[in-house]
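Down below are the structures I want you to see.
Below are two complexes that have chain A in common, paired first with chain B and then with chain C.
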Partner chain A sequence: MRERSGTPNFREVGRERNYGRQFESTSCSLETLRGSSALYSAGTMLKGMTRLISRAHKLDRGRFLHTGTQTPQTIAAHLDNPAPVESPRAISRTSESDPAKHGEQQEGQHYNIPHQDLKTVFPHGLPPRFVMQVKTFNEACLMVRKPALELLHYLKNTNFAHPAVRYILYGEKGTGKTLSLCHVVHFCAKQDWLILHVPDAHRWVKNCRDLLQSTYNKQRLDQPLEASTWLKNFRTSNERFLSQIKVQEKYVWNKRESTEKGSPLGDVVEQGITRVRNATDAVGIVLKELRRQSSCGIFHLLVAVDGVNALWGRTTLKREDKSPIAPEELAFIYNLRKMVKNDWNGGAIVLTLSQTGSLFKPRTAYMPQELLGEEGFNALDPFIPILVSNYNPKEFQSCIQYYLENNWLQHEKAHTEGGMKELLFLSNANPGQLERLCAYL
Partner chain B sequence: MAAPSVKAVRGWSGLALGVRGVVLRLPGLTQVRWSRYGPEFQDPQTDKEYYRKPTAQLTEEEKYERELRKTRFIKAAPATKTSSVFEDPVVSKFTNMMMKGGNKVLARHLMTQTLETVKRKQFEKYHAASAKEQATIERNPYTIFHQALKNCEPVIGLVSILKSGRFYQVPVPLADRRRRFLAMKWMITECREKKHRRMLMPEKLSHELLQAFHNQGPVVKRKRDMHKMAEANRALAHYRWW
Partner chain C sequence: MAAPCVFCGPAIASRFFLGGRVTLAQGQGIWKPAAAELQAGTRSQILRLKHLTVVKTKKNVAASRPEKYTVDFIKKQIEEFNIGKRHLANMMGEDPETFTQEDIDRAIVYLFPSGLFEKQARPSMKHPDYIFPKQSAIQWGEDGRPFHFLFYTGKQSYYSLMHEAYGKFLDAEKRQNQLQAKDLQMEKTKTKDPIVSRWLIKEELEGMLAEKLSDRDYTRFIQLVERFSTLQCGAAEEEFLRRFRRSVTIQSKKQLTERLQYDEQGRAFSTSEGKRKSAKAEVVVYEHGNGKIKVNGVDHLLYFPVTQDREQLMFPFHFLDRLGKHDVNCTVSGGGRSAQAGAIRLATARALCSFVTEDEVEWMRQAGLLTTDPRVRERKKPGQEGARRKFTWKKR
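Now for the complex of A and B:
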């Protein structure tokens, strides 16, 4: 239940340091992109991780409320230096619903995503528990946090002439990597980028019912159901681009159907949705065309993949003769790997590592090296790592305030100081654990 | 469980304090549920507020009680009893009754999921209702749980009494703990047996709890049937001798 806290063991610290060193050697080539800010922030984040865990336990008894209203006893003591008393609402919510305007001021505050945006931008991207929360509260509020703000800063300063930069969000289980990714996707959608969002790459390497032999390449395998659902969601989120982008090659589906050169990309997507057999090939074509045309400047491309460690892990899928299937034998994974390479320009690649859906990886693994393995790490190197950690005290307060405003914490003891201290202790300020705890209180 | 512990105690003759040796035995009756602690052992006090009260605020009785506790033996607190502010003995008992094969993790998970489901259903109703109705909708899953079980408690029960070769169902007043037990037992049995094969326990249990909260549903019906039977067998009441 409780997240494992405490000082990181030497193995982890050693890997962190090695990782920092490796990153230093590649930073000179990326110097032009963003200066040394990323290296500095990577370094501080690696150090900050150990500090954040101990900070949560240094809270003073009388001053549990970090930035909010002071208790009557302490107000008398602080009459000499009056601190500005902010209302609780000021901590937990902000009225700025455009991610482009989010900055240091909105850190720790929740911003509202309008329902219209939810339908178009996130037909499939949000984690299932968050979807339940949206349904219960009738509103989608996302917390603005440091890792997302950092990513937004980098994306605002992308140089589209340079090859696409890869950003990897990594962190322990339940710290908010997927929701940070969703924040970034919302920003890019608002900035009119083309969003290529793979919500959970693990869903493609396990529990697939039908696997067909690919028509394009006999060695590879197709996944018709997953591909067709993905194409439907892709179409919902990128309607306006599908008529603008034209295909640059002729594609023959079978004896009777083919897509001519110069026809809009929407045709390929329609073909994939209606003819489920060719759905995976349609996805491959979409990825190829987008990669080719992203440098032309008509659109900016954002490739957002959640759980990218699935692309280089193992699968639990088997052929009819019970022999295991490697990920590269799946056509979708093969094409997605090409997409995640940084040989194209005109956009950015934001990735998330996830142990939650991963196969054959221990629960405590969260570092890029552990989850990606040798092959994956070498394929993704060089990338910018962004650590997503547990809530700091201000964010924790903000989250609790948000739940209190929505009357989510119904237990009478949850409103008391003792109750909040216990919530902090039980969840260790881990966002995922806190959400699960508050769900039944 | 009792037999090995008896053997162990015999070996510790020096530590045979407060452990029950020979208990009063009635012919034909064996004690099934009994504790190895003697009567002088006191229950553990896990309430933090009890210890935080400053000495000046204690009454004479409380001071005496504190002094007494210093001299008495205290039973070991079970692993499930915590000093958490969110602890609820009724919820713990219900979880224990739902548990099968010692799988407390699963039972607790089901319980928390049930409370969450109840909360979400009530929130949905709240958002769909008008302003006037919103005041009447209860959203606290714990109040709903407690009220539902209270509504399921029978007031009077039936006991099989053997008289002149026949068993008669005799109406009998029930102790508080028996009533609470019956309410929980009926609720759990109902949810386990009368549900669709693919329906999950939290879903079914939350549905039954909400129905019992409004005094409807099969568990409250069973309580009312019990009352009716007791009423019908009113004449046999004098078969009871206690």
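Now for the complex of A and C:
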């Protein structure tokens, strides 16, 4: 049964990190190569312990799609370690490709997302580093982790009659919140929900070149380019729904064009894509219609917003007279805020906090209170917080195995115990850090 | 009075109100008018002295060689120094008998506080042996005849030493041959010093002989002494040879190892400090742990986002193969991020000394983990833009 918390009491879902493993071997650390210390003289060579670590891990932000099938093995060229083939595989991969069937046993293992799903479900949802990894390895593998499993459990038991529950994934930087979100989105897509995925809300509040005054409401501002790209991606991911859902009002775009009542939602989306000027309004309409109609029961709606703290932060955008713009004045943000309010039912809202793209927030901030601010926190008030933390040792092992299998770690000491210990220390089991470290090796 | 006063000034300034003579470490030419007794301070005497000074310096204008001091002169300086020492002790209210050089230094610093940066420019009072360069006294008598028979070789003390050593060597050889002939030869028992010793290096030998040597001279000497030491010789010869040996102290024995302390739960931990540039770190390393490191209460991954800094932290543990075995809690302040990382590294290495064998401590020392990095920011000089960078050179 899904539990709904009336008050935001924080449950610490953080796991105990246990680093004390009995790894013994001497491996060369990269520090000798990087020449970190001036006093690190040839004296070390006296001892005969040269340490070089191969850190050929390119680690994406922690979460890997579970490799379900055995076929990706044929795609990925391998294997240097022929003898213990089964056991590393057993650690790092599982054959379950369907997120719905993921359970406790698959925790720590990677499952594969088929390429088809990748195109339809995630036209814009994956973080850029992960996209690069997918391209390199020719497969998209996500790791099953506890926060995602928890979330899936809640979503499976959603009561669609109740108002939508908000789940917030929060955690330190680089722990894998975005990829957890992607896991959940994949699950919902498989379950035939309608996915409303905003990949990075921060992209809407900064670096926007053209801002138009909104046609709908004079005080707000439009972002035509971003809106049209988003509409395109939305169309790719939810093709089948666009013809089923009918709009319930007449919308007049301008003197010549209008959308009649009862026409499919696809028309609105087309209108937004073709007429870029009205794209933001089209987005607003889509959101409104979906909100209204999700309670009817035709479809389940999943609202997935990454970096939701952008909605209540500050923007770096300025008007022509150099006065700053508050987020509410952006039409998209305004509509999105309405969307994440839990006054509709028939779906769920999964949000992620992100410090990485956030504006004017300190690097060490990761709690909802800090990142959302007073206003945001009150707006999102009854929500279920889910902490995403660093890897536990099993997940860490699994991740490294995955890299080794894909031949990503080229350093000769990468698969030694000592090498893994060093990686563990340096990255502190933080998925993002591990990925960046392994990129060098 | 005008002209003499020029000379008078420094001359009188030297006659301080102290009983002793405080010799400033400057050119001693001014002190050449040596023989005046200090207590005799009548003006006429001073005047007379000053005239003497004038005369003397005029005579020696042509001489550019370094002044050679007579043995008597040095002896007089020593006497004056001792008398001065006693007066100084009286002034400070201490016992003149047990007035050591450190006490003298402290007294001078107290009486003549100086704000000069250069330590050697400050007033000091030292034994004449330290002040006057150790040079050979004037080697000839009043008739111009040199004292030593090897004076005209140019390096009389070196050659006399070689001569003496070779003579002893020949004697020892003769004795050994006699013993061999009588079949009473005893095996040369190599008495190895418990502390390893080495021969004098060239600079030390030069200092001992107060003469400049060439490399070849030094090599010849060492060869002779080596050959001598392989022979079996009596106690006198051993004594003679020991003058030329210095002991080599093993550096690592000087390394202080921190004591282990035990906290309430019975866990062993050790504390130590480290410094780098202007960063200071204090580190507590617990014996049994996960490998977690907390810096100023924050996890090390958050405190040091740069990989290089974290590698610095990792270095001591990695070197000793104890990566996941200790917990660390540290506080650090000052400096920049790299300096703080270096300070913590030094402190953890020192703290780990108490958990580790002596051999490993020596290895750490050789790896440079236990040495404070002496580099600090170099000061900016006037006339330059930075410490080294000069202003842009413009041709015109």
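Throughout what follows, the second predicted complex is superposed on the first by the 355 of 441 C-alpha atoms of A that agree within 3 Å, B and C clash if a C-alpha of one lies under 4 Å from a C-alpha of the other, contacts with A are read in each partner's own complex, and residues count from 1 in each chain.
Please note the rule applied: a contact is a pair of C-beta atoms (placed from the backbone, for glycine too) under 8 Å apart; a residue touches a chain by one contact, two chains touch by 3 or more.
No experiment lies behind these values; they were computed from the predicted model shown.
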Partner chain(s) touched by A:E422 [first = chain B, second = chain C, both, neither]: both
Touched partner set for A:E172, first chain B, second chain C, both or neither: second
First, second, both or neither for A:R363, with chain B first and chain C second: second
Partner chain in contact with A:L311 - chain B first, chain C second, else both or neither: neither
Partner chain in contact with A:V340 - chain B first, chain C second, else both or neither: neither
Broader residue contact with chain A after superposition on the shared chain, chain B or chain C: C
First (chain B), second (chain C), both or neither touched by A:L372: neither
Footprint overlap on chain A, comparing chain B with chain C: 418, 422
Residues of chain C touching chain A in the complex: 289-292, 298-302, 305, 307-308, 310-312, 314-315, 317-319, 321, 323-325, 342, 345, 363, 366-369, 371, 373, 375
Contact footprint of chain C on chain A as seen in their complex: 17-21, 23-24, 26, 29-31, 34, 36-41, 43-44, 46-47, 49, 51, 172, 363-364, 418, 421-422, 424-428, 430, 433, 436-437
For the chain B and chain A complex, residues of the former touching the latter: 48, 84-86, 112-113, 115-116, 119-120, 123-124, 127, 139-142
Complex interface listing, chain A residues touching chain B: 132, 135-138, 407, 410-414, 416, 418-419, 422, 439-441
